[in-house]
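This report refers to the structure that appears directly beneath it.
Chain IDs A, B, C, D and E follow the sequence of writing; residue 1 opens each chain.
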Amino acid sequence: MASIELRNIRKSFGAVNVIKGVDLEVRKGEFMVFVGPSGCGKSTLLRLISGLEDITSGEMLFDGKVVNALTPSKRGIAMVFQSYALYPHMTVYENMAFGLKLEKGNSKEAIRERVEKAADMLQIRQYLDRLPKQLSGGQRQRVAIGRAITRDPKVFLFDEPLSNLDAALRVATRIEIAKLHEGMHDVTMIYVTHDQVEAMTLADRICVLRDGLVEQVGTPMELYEKPDSIFVAGFIGSPKMNFLTGEKAEAFKCATLGVRGEHMLVKPDGIWEGEVIHTENLGADTYVYLEMGQEEPIVVRLEGAMQHPSGSKLRVSPMEDRVHRFDEAGKPIR
Amino acid sequence: MASIELRNIRKSFGAVNVIKGVDLEVRKGEFMVFVGPSGCGKSTLLRLISGLEDITSGEMLFDGKVVNALTPSKRGIAMVFQSYALYPHMTVYENMAFGLKLEKGNSKEAIRERVEKAADMLQIRQYLDRLPKQLSGGQRQRVAIGRAITRDPKVFLFDEPLSNLDAALRVATRIEIAKLHEGMHDVTMIYVTHDQVEAMTLADRICVLRDGLVEQVGTPMELYEKPDSIFVAGFIGSPKMNFLTGEKAEAFKCATLGVRGEHMLVKPDGIWEGEVIHTENLGADTYVYLEMGQEEPIVVRLEGAMQHPSGSKLRVSPMEDRVHRFDEAGKPIR
Amino acid sequence: MAPVGTAATPKIRSELMLQRVRAARWFLVPMMIALAIVAGWPLTRSIWFSFTDATLNDLYGAEWVGFGNYLRWQVLESGTVRYRGVLADPDWWNAVWNTVRFAFWSVLWETVLGMIVALVLNAEFRGRGIVRAAILIPWAIPTIVSARMWGWMLNDQFGIINDLGMKLGLLSAPVAWTASADTAMTAVLIVDIWKTTPFMALLILAGLQMIPKDIYEAADIDGVHPVKQFFRITLPLVRPALMVAIIFRVLDALRIFDLIYVLTPNSRSTKTMSVLAQENLFQFNNFAEGSTQSTLLFLLIAIFTILYIWIGKVNFEGGDR
Amino acid sequence: MGATFDYWKLTKTVLFYALVLVIVVVSVFPFYYAILTSLKSGTDLFRVTYWPTSISFDNFRQVFSQGAFPRNLLNSVFVASVTVILALFLAVTASFALSRVRFRGRGLLLMTILAVSMFPQIAVLAGLFEVIRFLGIYNTPWALIFAYTIFTLPFTVWVLTTFMRDLPVEIEEAAIVDGATPWVIITQVFMPLMWPALVTTGLLAFIAAWNEFLFALTFTVSNETRTVPVAIALLSGGSQYEIPWGIIMAASVVVTVPLVALVLVFQRKIVSGLTAGGVKG
Amino acid sequence: AELSIVSGDTGSGLAFLRSQLDRFEADTGHTVTVVPMPSSTTDQFGQYRLWLAAGNSDIDVYQTDVIWAPQLADQFLDLSEAAADVVGNHFPSIIESQTVDGKLVALPAFTDAPALYYRTDLLEKHGKSVPETWAELETTAMEIMEAERAEGNSEIWGFVFQGNAYEGLTCDALEWVMSNGGGQIVEPDGTISINNDQAAAAIDRAAGWVGTIAPEGVLAYMEEESRGVWQLGNAVFMRNWPYAYALGNGDDSAVKGKFDVAPLPAGDGEGARSAATLGGWNVAVSKYSPDPEAAIELAKFLASEEVQKERAIQQSNLPTIPSLYEDADVLEASPFMENWKAIFEQAVPRPSAPTKTDYNEVSSLFWSAVHDTLSGNGSAAENLEILEADLQDLKGDAW
C-alpha cells in the first residue's frame, strides 16, 4: 500500500555521521533487500524508515507524503528488530497478540487464529506459553518474526530476521516470507540480510549500502552480472569474486580483473597457474584456494567433492565472457 | 589442551527435558561443530560444557577428570554467547580487556597489545572507545568474539558467532578462527552454527543434535556422504536433500530415496518428469523446484543463471551412485 | 536466622553453585549480624514487655502477666463480664481505624502522584536535573520542621493556605485545618502526601530507568498508544520496584508518628497506633500497655505485609541463574 | 525540517511544561515560604506575605551563633554518610545473595529482614538504648550510625534486591566465564548497571538518616555529638513558649541546601538505558 | 566532681544558667556541663523517663516542670533533709506540689502563672473596664469585637486562649473550673471531684466562646498561636503566660504599649475566685547520680535566693520566694512582677502531686473531655461524667 521515498536522508549520532545522504525509492509492493558490510548503516536506515529514529536532515515520503514527523504507529509498519526487542514480561502468545489486541475490532478468536497460524508457520506453537527468557536464540527470533507478521501493516521491515535459524528452518521461513509477499501485493517489504541466498532469492531489488551511502540498486541479476563497482562485485556472490591486478589484469586491458570462483575452469591449458594452498569441501562443491601472486588467494569453485592436495599446482582459465573489468577508479569497463 | 568427554549428560529445566542423555567425546585440539535445528539444545549443551549450567545427571570430563562441579573459570574456557552478553557499561576495549585484567600477572601493555591485536583482526579497532549500545549488531558480535579470543583458554566455545556478519567479514572471520585453531594445536574448539559452509569448512568433526540427543558425529564428508539417518541427510547440505517416497523410491528398493539437488541431472531422457513451479537464481547457481507428486517439491541445482519458465516440464535423473536409500525406520540401506 | 549454606538440593552442587552459596553466606552474614544486634534485642524486649506489668519507673522489676495486657476479663458480682486490656479498648480500635484510613489514603495518593511525577521526570527535557532536585525538597526537609511549618501554614489566622484559598476563591472562610475533627485527617494527609510523594516518585523513577528502551520501540511499532504502553508495558515492568516502594510506604504509613505527633498530637480523629503507643510508653505510666500496642501494631503490619505479598504476587524468585 | 507546523505537538509540550511547573511549585512552595519566613522577624512572622518585604539575615546569623550548629551540620554529614555507605555496602552484597543465588528460605529471610521495619520506632527505643549503652557507644556518632541501620538496611536490601533481580543473567554469565568472583561481579559489573537504584536508595536513606530526630535525641546528650534535627529542635526563642520561627526556618533552609546540592550532583547517575546493547532477546 | 544538668530552657535562659553555673563552679570547684534539650516539654519528659528508667548515670540534675517531679518521684533523691534549711523560704504551695508521700523530690527554681492580657486602648475606646468575671469578659469581648468589626476591623476577635488538646488546655480549663468553684479535678487528698455542676457550667461557658468571641481555630491553638493573634492586634483579650508580656512590648509588636495584664476572671458559683494555674520549673537530683552530694549542692544552689533574684532580674522569671517580690532590684528590672504577685496569690497547682505517676494520663483524659466539649461533642455534664468514671478506673484503689 505504500511507496517509500528517501530524499537525501542523513543521520548522525552526535559527531558520528552514519547515514550520509541516501536517495532511494522503494516502490509500492516491492521487496527491497538491503545488504552491505556490517556497520554500514542498514539497521539505522531501517529505523529511520520506521520513524523510531529522528532524521537529521532530508525528507522521507510515504506515498508521496512527508512523514518525517510521523510517529511509527501512524506509518503503518511492522518491524523485526535485530535485537528482537521482545516484551520480557509477556508470554510468546502475548508478545504476538499484543499489537492485534490493541487494534480495535479484532475478536479474541480472530486473534488466536492469526497468532496460531503464524506460530505454526514458524514452528513455535508449543512455546506459546513460555516467556522469552525460556527460549533458545532461534526461538526468540521466530517470536520476533511472528509478532511482525500477525499484524497487517502496509510496510514490513525485517532486520536480519533469519540469522539465528538453522538452514532448514531458514529456507522454510524464507519461503513463507516470499509467499506472504506474493499474497499481499500491496505490502512493501524492506529486508536486511547478510545471506546471499536470501538476498538473491527474495529481492525484487537489492540496495547495496556502503558506509552510509547507496552503492547500487538493482535486481539481483543486475547486481550479479553488472555490478557498478568493484565493491558491489565483491560484495554480491559467494564465494567472493576474485580480483586480479597487475599483469594478469593488463592482459584483459583493465586495472582490475574480476572473476567469480564459479567462472573459473580448471584446464590443463589454463592461462594462469597457481598453487593450491587450501581446499574447502562443502559436499556439493569444493572451493580451492590458489596462490597466484595476488593479494589474496584466488578461489575456484569446483563441483562435487574434489581433492586437490595443498601444494599441488593447478592451471585455470576464466570464462572469457564472464569476466568483469574495472578501471583504476573501480568502475566497470563495459 | 583439553579433551572433553560427556557421559550420558542430561539437563532439564523444571519439567522440560532439554538434553536427554548425550555421550560425546571431543578430542584434544579438535574443532567440533554442533549443528541441529533451532531449539534442539546446542546452546544448552555448550553451557553445560562451560559449567554455567548445572548438569542434571551424567558426567562431564575434561582431560579425563570429572569437572561436573568445577567453575567455568577453572575449566579454562572462553565463550562467545549467542546473545553477545556484552558488559553494557564498558567500552569495547574494557569489554575485551575485562577477563585479562582479572587474571593476575597481565601488565597493562600486554593487555592493550592483545586487545588491539584481536580488534584489528575483527576490524573493530576504531570502535574501541564506544559502548555496546553505540554499535551495530555485527559489531557487537565481533566484540563478543574479541572478548573470547583475547583470553588464552584451553577450550573455546562459540555460539553462532558469525550470524550477524556480512558474507565477506564472515569468510574473513571464519578464516581467522580457522587460523587461530591451526595456530594453537592444543586448543579445543566447540562451535555452534547454522551455516552449512561454516560447519563444513571449519569442522574437524560435526555433531548433529536433534531434540536433545546426538544424532550422528563424524567428519563433514562422512555426514554429507554417509548420513546415518534421514534426519542427518536432510540437515546437512544446502539446498536440503530431496526425499522421494512411493513408487519412485520403490524403484530403488527402499522406503525413502534421498537425492541432493546437486546430484540431479537434467536430461532429455531423465527417468522422472516434473513441472517447474519456481526458480531461484543465485547467480552462480539456479535452484529449480519441480512438482513431482511428492510431499515437497524436488529441488534441482543447476549451474549458472538458467531460465526455466514456471509451468514448463523438465526431465531429470539422479546420479545413480549418489543416491541415498533409507528404510522405513529412516536408517540408511548400504 | 535462616540457614543459608545448609540448604542444598539433593543432587551434587557444582562448585560454581557452591562458590556462589558460600559467597552468599559471607554476604548475608554481616547484614544479618548487624540486623540481629540492632533489632533483635530491642524487638524481643518490646514483645516480652507486652506480657509483663512493666512501667518505666520499674523496668527491671517487671513481672509476667501473660496475655493480660492484650485482653483480660473480670466477672462482676452481677454476673456481667468486663473486658479490659488493649483489645477491649475503644481508643485502640479508634487508633487502628485512623491508622488504616491514613495509610490507605496516603499511600494511594502517593502512588498515583508519585507515578505521575516519576513519568514526568523520566521524560527528557531541559532543566530536568534542577526539577529532580526541586522535587526532592519536601522529603529533604526534616519532618519536625516541615510538620510545624505546615501547622503554621495551615493556621486559620496567619496561615498562608487559608489566605491563598480565600484569595483564589476556593475557601469562603478560613478553615482551622488541624483543629477541627473533620479536617484534621485531611490536613495530616495533605502534609504527608506532600512530604512523601518524592520518595515514591524517586523509587518509581529508578524502576522506570531500568526498563530496556528497545521494547518501547517495539511497542511504538506495534502501534501501542502511550497510555496503553503505560498500562501494558511500563506498569508491569516497574511493578517490582513499585511493589517495594509501596511496601515500605505502607509500613511507614502504618507506623506514622512524628508528623501527627507534631501536627495534631492529641486529636482523637488523627491519633494513630504509634502515637497512642508513644503516649502509653513515655507519657503515661503504661509501659507494658504501650509495648502491647507496639506488638499488636507489629502483628497487624506483618499480617498486612503477608497478605500484600500474597495477593500482589510479589516474586521472591527469578533473577538467579 | 518539519513541513507542517504541528499544533498538537505544541499543545502537548505546553501542557507538559505546565505539569512540570505545577509539580515544582507544589514541591517548592513550602520551602520558598520557609525562606521567606527565615528572612522575617518579630511580629512580621504572623503576617502572610508572598514576597520578601524586608530582608534580614539575622536569623541565619543566629543559627550559626546559637549552640554548635556548624558542628551539628558536620555530625549530620558524617552520620548520614557513614550510615549510607555502610547500609549500601551491606545491602549490595546481601542483595546479590538474595536475588541471584538460589537457596532455601530466601523468601523467609527477606520477610525477616522486612519484619525489622514493622516495629514502631518508639517501641524499640528502650531496647536500643540498652544495647547502645551495652556496646559503650552511647553519645557518640556511632550510636546513631548503628541505630539508623534499623531502618536503612531493610529498605536498601529490599530495593536493591528487587533491582538486581532484573539485571540480565547473560551478563553475569559472561563475567563468570571471564573468571569474575561474586565480589567482582557485584562491584565491577552490577553496580555500574544499577546506578539509578543505588543513587536513589542512597539518597533516600541519606535523607532519612539526615532527618532522623527521635534516635538522635535519645542517643546523644551533648551539643558536640548531636545532629541537625536535634539542633533545630534545640533552637529556641527568648522564653519557654516562644517558638523562634524565623530561626527554625533559617536552620531548615541551611540544612536543606546541602541535600539539594547532593541531589543535583547524584541525579546525573539516574539515567536510563544502562543495560542497553548488552544482550539481545 | 563533674556534674551535668539537662535543661530544656531556651536561648537566653541557657545563657543565664551557664552564667550561674560558672559562678557555682568558681565557688565549689565542681564542673558542670549543660545538656540542652528541645523546648517541647513532652519531648523532654519522654526523654527523661527513658533515661531514668535505664538508670542513666550521665545526668545528675534535671530541670523539671512542676507536674513531673511526682511522676518521676521514684527516681529522684529525697531532698527534704538536705533542703530542710531553705524549704521555709518558698511558697508553701509550691513546696507542696513537689512533695510526694512526704518526700521532697525537687526544689523550685522559678514559678509561672498566667494572666489575662487586655487591650487598654480598646477598653478605653469603648469605655469598658477590666472584666473581673468570665461573664463580664464575655460581654465586653463581644461588644468590643462587634463594634470593631463594624468599623471594618474584620480580623478582630474577642478572646484567645489555648484550646488545643494538650497540657495547656488542662491549665486553661483548670482555671475555668477552679475559678467557678468547681474544685481542682483531683483534690489534694486524692478524691476525684471533677464531676460537679459548677465545673460543668464553667466548661460549657468556655464552649460557648468558640466561634463567637474566639475563632474556631482556637481549638488548635497553643501559646504561640494565641500570641500570634494577639500580637497582630487581632484580639481584645488573651490568656497567656508572662513571656508574652515582654514580647508584646517589642518594637515590632502591633500592641506595643497598648495592653496590660490582670488576674484571670472569676466565675460566679459558690467558692468562685480568680484562679491561675501554677507553672514553673524545679531542679531534681537523679537517684543514679554518681556524686549525689555535689548534685544536691548544685540543686540547692539553683533554687537559692540569690540565683532566683538574678533570674528575676535578668530573665523576668517569677521567683518562688515571696520576699523577692518586694525586692527593689527585682521590681526595678521587672516592674510587671508587681502585677503577678496578685495573680500568683490565686495560683492553683495541677493535681500532679495526688495523682502521682498517673498525672499525665489524668491530664490527658481531662483535656480530652474538655476539648470534646469545646468542639461540641457532647455537653460538659456528659463528658465529665465519663471522665469521672475513667479517672475512677485509673485510680483503682489508690493513686
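In this section, a contact is a pair of C-beta atoms (placed from the backbone, for glycine too) under 8 Å apart; a residue touches a chain by one contact, two chains touch by 3 or more.
The UniProt protein names, listed by chain, are A, B = ATP-binding cassette domain-containing protein; C, D = ABC transporter permease subunit.
As the structure is a computational prediction, the values presented were derived from the model and not from experiment.
K.L.:
What's the fewest number of moves from subunit C to subunit D, given that each move must go to a chain touching the current one?
P.N.:
Graph distance in the chain contact network comes out at 1.
K.L.:
Can you name the chains that touch subunit B as well as subunit D?
P.N.:
Shared contacts of subunit B and subunit D: A, C.
K.L.:
Show me the overlap between the contact partners of subunit C and those of subunit E.
P.N.:
Joint contacts, listed by label: D.
K.L.:
Farthest chain from subunit A, comparing Cα centres?
P.N.:
If we average the C-alpha coordinates per chain, E ends up farthest from subunit A.
K.L.:
Among the chains in this structure, which pair is joined by the largest number of C-beta pairs in contact?
P.N.:
Max contact pairs: C-D.
K.L.:
In whole angstrom, how far does the Cα centroid of subunit D sit from the Cα centroid of subunit E?
P.N.:
It comes to 40 Å between the two C-alpha centres.
K.L.:
Please work out the Cα centroid separation of subunit A and subunit E, and write it as a whole number of Å.
P.N.:
91
K.L.:
Averaging over Cα atoms per chain, report the distance between subunit A and subunit B in Å.
P.N.:
Roughly 20 Å separates the two chain centres.
K.L.:
Among the residues of subunit B, which are close enough to touch at least two other chains?
P.N.:
Residues 52, 71-72, 83, 134-135, 137.
K.L.:
Send over the residues of subunit E in touch with two or more other chains.
P.N.:
Residues 50, 53-54, 228-229, 232 of subunit E touch two or more partner chains.
K.L.:
At least two other chains touched by the same residue of subunit C: list those residues.
P.N.:
Counting only residues that touch two or more other chains, subunit C contributes 16, 19, 59, 157-158, 212, 214, 278, 281-282, 287, 321.
K.L.:
Please list, in label order, each pair of chains that touches.
P.N.:
Here the touching pairs of chains are A-B, A-C, A-D, B-C, B-D, C-D, C-E, D-E.
K.L.:
For a test of understanding, state which residues of subunit B touch subunit A in their complex under the given definition.
P.N.:
Contacts found on subunit B: 13, 35-39, 42-44, 82-83, 134-139, 142, 159-160, 163-171, 194-197, 200-201, 220-221, 224-225, 234-240, 260-262, 280-285, 287, 301, 303-305.
K.L.:
Can you list the subunit B residues touching subunit D in their complex?
P.N.:
Going by the criterion above, the answer is residues 47, 50, 52, 71-73, 77-79, 81, 83-89, 98-99, 102-103, 131-135, 137, 140, 147, 151.
K.L.:
Using the touch definition up top, name the residues of subunit C that touch subunit E in the complex.
P.N.:
On the subunit C side, the touching residues are 55-59, 155-158, 174, 176-181, 264-268, 278-279, 281-287.
K.L.:
Mind listing the subunit E positions that touch subunit D in their complex?
P.N.:
Its residues touching subunit D are 4, 6, 9-14, 33, 35-40, 43, 47, 50, 53-54, 56, 58-59, 112, 222-224, 227-229, 231-232, 240-241, 243-244, 246-247, 250-254.
K.L.:
Show which residues of subunit B lie in contact with subunit C when the two form their complex.
P.N.:
Subunit B residues touching subunit C: 51-52, 54-57, 68-72, 74.
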